[in-house]
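Shared chain: chain A. Partners: chain B in the first complex, chain C in the second.
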Partner chain A sequence: MKLSLLPVATLLAAALAAPSALAQKKYDPGASDKEIKIGNINPYSGPASAYGTIGKVIGAYFKKINDEGGINGRKINFISVDDGYSPPKTVEMARKLVEQDEVLVLFQPLGTPPNSAIHKYMNAKKVPQLFVATGATKWNDPMNFPWTMGWQPNYQTEGMIYAQHILKTRPNAKIGILYQNDDYGKDYVKGFKDGLGAKASMIVKEVSYEVADPTVDSQIVQLQSAGADTLFNVTTPKFAAQAIRKAYDIGWNPLHYLNQVSASVGSVLTPAGLDKSVGLISTQYFKDPTDKAWANDAAMKEWTAFMKKYYPEGNLTDAFNVYGYMVSQTLVQVLKQAGDNLTRENVMKQAASLKNFELPMFLPGIRINTSATDFAPIEQEQLIRFDGKEWVRFGEILGK
Partner chain B sequence: MDALIHQVLAGLATGGIYASVALALVMIYQATHLVNFAQGELAMFCTYLAWTLINAGFGYWPAFLLTVGLAFVLGVVIERVVIRPVENSPVLAVVVVFIGLLVILNSIAVWIYTGTIKTFPSPFPTEPLFGNKFMSSHEIGAIVVTLIMLLLLYAFFRFTPLGLAMRAAAQNPASAKLVGIRVGWMLALGWGLAAAIGAVAGMMVAPIVFLEPNMMGGILLYAFAAALVGGVDSPGGAVFGGFLVGVLENVLGAFVIGNELKLAVALVLIIGVLVVKPSGFFGKVHITRV
Partner chain C sequence: MNQRTLTVVAVLLLLACALPFLVSNYRTFQFTLVLVYAIALLGLNILTGYNGQISLGHGAFYAIGAYTAAILMDRFGVPYWATLPVAGAVCLAVGFLFGLPALRLEGLYLALATFALGVSMPQLLKYHHFEKWTGGVQGIVITKPDPPFGLPLNPDQWLYYFTLAVMVLMFVLAWNLLRGRVGRAMVAIRDHHIAAEAMGINTAMVKSLTFGVSAFYTGVAGALGAIAIQFVAPDSFNIFLSIVFLVGIAIGGLASIPGAIYGALFIQFVPNIADEISKAAPWAVFGIFMIGFVYVMPLGVNGAIRMLLARLGRKAQNNRSTAGVTRPTINSPEEV
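== the complex of A and B ==
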């Protein structure tokens, strides 16, 4: 029922929007006949500076768009600033971008703590905090925060996908959960339990750890002692590597689901030991530049060509550079849809009316869908299994 | 029952980590009567030096020995350059310097090596000893190394003239000076030794928790608890305290209070010991005649 109504609603929205857009150009601060000002906050310095490359690749992509004539004839003026992943600094930078530079939208500010710090401010100011670079689920709350929207699959979605897979393939699993005792960990666990639904009794033990804990060895032993044969591992890289190794050391071989946060071969599986990581299951939603299966893929070639021309110093094996490329393409689509009605309200409205929008670098079958009540653009992923050398995709696209 | 044994043994393994860092804390306390908050970061930084050497093509043991030597020099230099000027200042001023050192060393490590975790090699076999399913070979090896360090320290302070001179310089600087001991250099030596012990501890810890700039943060807190429980001036007590904290933390965390309160165990121990028995289990009770 809900599905069949959607096209009607879209048509209606389009019909209502079209005449006014044709009739006159409408602008909010940051937009004019010549340019669209887009603000961005990234950690170019500090503990999370590895993410800084995302801001750079976004800038490079907008340069490409400008070289090709801009969006509906308007050039993008991209203003990206550094907050060092420090929330107080993020507040300062957001105020600067909104009040001094007067940007039309704040695009892709990065990190859950930085975004949380400006969440209320952006909504009070009614400036879009669009496609934030974090997997927290709270960005999907159009009722209370109509000016904030996430982009990547959120933690609850991912947790739900693992639950779907367990229900389908291991209906009698005894599940143990290891999670970080904070919003991030609890988000995953909630999605996972929602996914299990009535079968949540399959969970035999849940244990948490604090970021200050030196190791998670004791927790792994607890899960093993509880008789779990399936492990849902919600940990950040260091603890993920410890958990993989400890399970191996004590001879415990559960079916091991590892959250995507720590699915990096280089910084998690290699330290833990590639031989100890065989059989791990995680998720993916876009084409990994290191995956040889895509070597001759047209979209991959296009991305590589773009990188070589506009961001030659960027790392061609770094998935963050694909991420920044895709999220920029999404914003360009939204701004194209907005046409000559470049008000902040219309930008949010267009961002909330993406229908079956596919990006070339997505895994085949994954689409962006948003609506006035659904501010979670990507809600599909595919499972991947580690074969000792690299992640291998398997099964169908999961999610909703 | 099996679960309990498992937790106790896992506790001993982490306890070994705390013990080795606690040993370095006690060392510096013995030499200077100060608790060095930067001890953990110093150890972390030295471990990165070792990692750099190994990556530059050195074998494990040459890199190990070279790092211990470098750490010793680094400790002496820090004492001479940074601590010396505030030597006669109030304790709080020195504490601030320690905290400054902590932040500086941490930032430099992030700056040079980034925050990505790195693998640090272990000198011990990768397969568990005797095929046991409780502790890895490295964990057992690290405990043995800690005990050897303890023995060496004991012998050094008990049987060598230099050790005696260092003890004298720390306990009664004025009298020590009068009998011809160069107190200033003894302090620097104490720093050097503590840094060297810390380096060994770091190199034993890193294969377990993985090498990253914040690897010592949590450990240092537990090591403080260990050192205090054992008696902050007793090396043997520190090692005992390390194992005790490791086991208590695991057993209480798994069966009694839950994992969320594990860190609180360390804090309760610190406060409890300071209130009930400030000298710890093995520390000397100091009485000053007025």
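== the complex of A and C ==
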């Protein structure tokens, strides 16, 4: 009898001792001593399925973290679902993750329309909509939407960086702007004008085009005849290629700033003509896996090793796979900082207190900074210039 | 409708009413979408199942209904319930007008014309001259309605009951329409339009009107869908939606009213099941489900259920006749 009572007594003692230990731990739905549930929505099917690889690489990275013992001893339970880039499906999936799976945070939902569809819902439910995968500026609005945060440099930030460079290097420039007439294009132009500030009069002409337009040829001619010697080109890939080619063909040779959306060598510069693209300026913020300059870089080697072990079917030249890797590392940092206080409120608080946080795959000098009033994590980029073969980085890190 | 059918409908309706108290809010929301899709599918079924006109563009009418509701609520502060008749009326007019020229097109050619409508709709919605109202690519966010009169329901439950009530009304209207003169005229045109014309049916008028009524149903469904989702954007209404509707009526059962509900259950839940089975190829799994359904139930779910009931009935009669009761047994499948 004595013997069998011993374990009971031990249990009792443990139970009595437990509250003091538990007192420091705070959990919201989705977090426990054993695991942290992270929800994710990605377009694995449908028109935007090229982005699907981001969800897969995030899953692979969390598997690596779990293999290494998890975060503060807790394993990540990553629940990723498909919305096919269709906003109604996004709403349904967000509700599934929040109400049925009860995730702690919704991490990296992708695309501006899908995120717009759940913006209000997530904030009403007070569940973090963390590090959304879109470049729109509206995710940086902590006053009205304290549960939503972006991650990548937003369009306004990038526009501002080009303006900074122009002010510094060509104070007498005559600027022409070509932009797509929608929220994306206007976002860029707003950042650019904010960057110029009082010197916005440097802009001699602004022309826009519609997505449905067949070409932007006439717009390029208009900008040339307005006497512009500097072109800020805010176009999506097809139109970017047309603009580069047309400017070259009519013998117009402005200093040409091309938004990062269309900075792909394969899908924009090659169709436009590599010889016609020499001298283009754009931006970058992380190490491009196709850039030979990084071949012997320690961070690049680590990423390649990770890819080979955890995501062997992934494409080693696809920048999205670097993107997913970096954004997962950011979340891991936030969760580490949150410690044993895994409430949704604390996760947002920690995400809003990243100070000079550097990722190995960032370009040297780029840092993440957030605060209670600044929900735009990456606000720095470096300029790159096309030399006829590849993009070459130059100058210092610009931005905030 | 005989006594037995009436009882079955009453029991099903009671079950539908009890549902929000048995499942979570998230499931209630999903079932609300099922009801919405059921209305849309009934609309398409009136056109395709009963009248024999194939439409690959009903997603466009769904979009028009959704945008009408969203714009009225967002820009003009119209209450949500009042947007439904307007959305329906707009779609009725658009559908009727589209039906007039489309009438000259038969079968595949009509399918192509409607396909063009479905494909172009997202682009039209992005058109910048409409941006003032449509919100362009950003779409429109709308607020979820609260239950009125202080009813002890949450917004999800209220919206479910509201949608259920609209659906029941729409189904009763369709049932009335289809079993009467107009319904018979529609079927006659489908089966043999020359004979129908010879019998004095104004085929052109009936076909255009059918198109209009069908669009009316789909438009009301679109408005309800927008209210449930609380968001409309051009990307919500791509051509895939139209094709999924067509899949829904084929799976549920062509030319059958309950078939719309089975089809709605299929298009709401099977993609989610497919996604859980395979992340790599969810639509391939969906395709396998679809082929499976069509193979096992060539007349749709509704047809399969009818056949099953008929077979059970026959068995029961056979049993009775072997027990000594003399009754004629039905053997020819045409009779069931």
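Heads up, the rule we're going with is that the second predicted complex is superposed on the first by the 377 of 400 C-alpha atoms of A that agree within 3 Å, B and C clash if a C-alpha of one lies under 4 Å from a C-alpha of the other, contacts with A are read in each partner's own complex, and residues count from 1 in each chain.
Here is the rule we use: contacts are C-beta pairs under 8 Å (C-beta built on N, C-alpha and C of every residue); 3 or more make two chains touch, one makes a residue touch a chain.
Keep in mind it's a predicted model, so treat the numbers as computed, not measured.
When both complexes are overlaid on chain A, chain B and chain C end up clashing with each other. By the touch criterion defined above, A:267 lies against chain B but remains apart from chain C after alignment on the C-alpha atoms of chain A. Contact with both chain B and chain C is seen for A:212 once the two complexes are overlaid on the shared chain.
In the superposition on chain A, A:44 makes contact with chain C only, not with chain B.
Shared-chain residue A:325: touches no atom of chain B or chain C. Shared-chain residue A:222: touches chain B; no touch with chain C. Using the contact criterion defined above for the overlaid structures, shared-chain residue A:88 touches chain C, although it does not reach chain B. Residue contacts after overlaying the shared chain place A:179 against neither chain B nor chain C. Of the two partner chains placed by the overlay, only chain C lies in contact with A:112; chain B stays clear of it. Of the two partner chains placed around the shared chain by superposition, chain B is the only one that A:242 touches, whereas chain C remains out of contact.
Taking the listed stretches 57-65, 93-101 or 147-155 of chain B in turn, the superposition on chain A shows a clash with chain C for 93-101 alone. Put simply, chain A uses residues 47, 181, 210, 212 to touch chain B in one complex and chain C in the other.
Those residues of chain C whose C-beta lies close enough to touch chain A in the complex are 24-27, 29-30, 33, 123, 126-128, 136-139, 141, 225, 229-236, 238, 240, 275, 279-280, 282-283. For chain A in complex with chain B, the residues that touch the partner chain are 47-50, 181, 207-210, 212-215, 217-219, 221-222, 224-225, 237-238, 241-242, 249-251, 267-268, 270-271. Across the complex, chain A is touched by residues 2-3, 6-7, 10-11, 13-14, 17, 110, 114-119, 128, 133-136, 208-210, 212, 215, 217-219, 221-222, 249-250, 253-254, 259-260, 262-263 of chain B.
Listing the residues of chain A that touch chain C in their complex gives 44-47, 80-82, 84-88, 91-92, 95-96, 99-100, 112-114, 116-117, 119-121, 181-184, 210-212.
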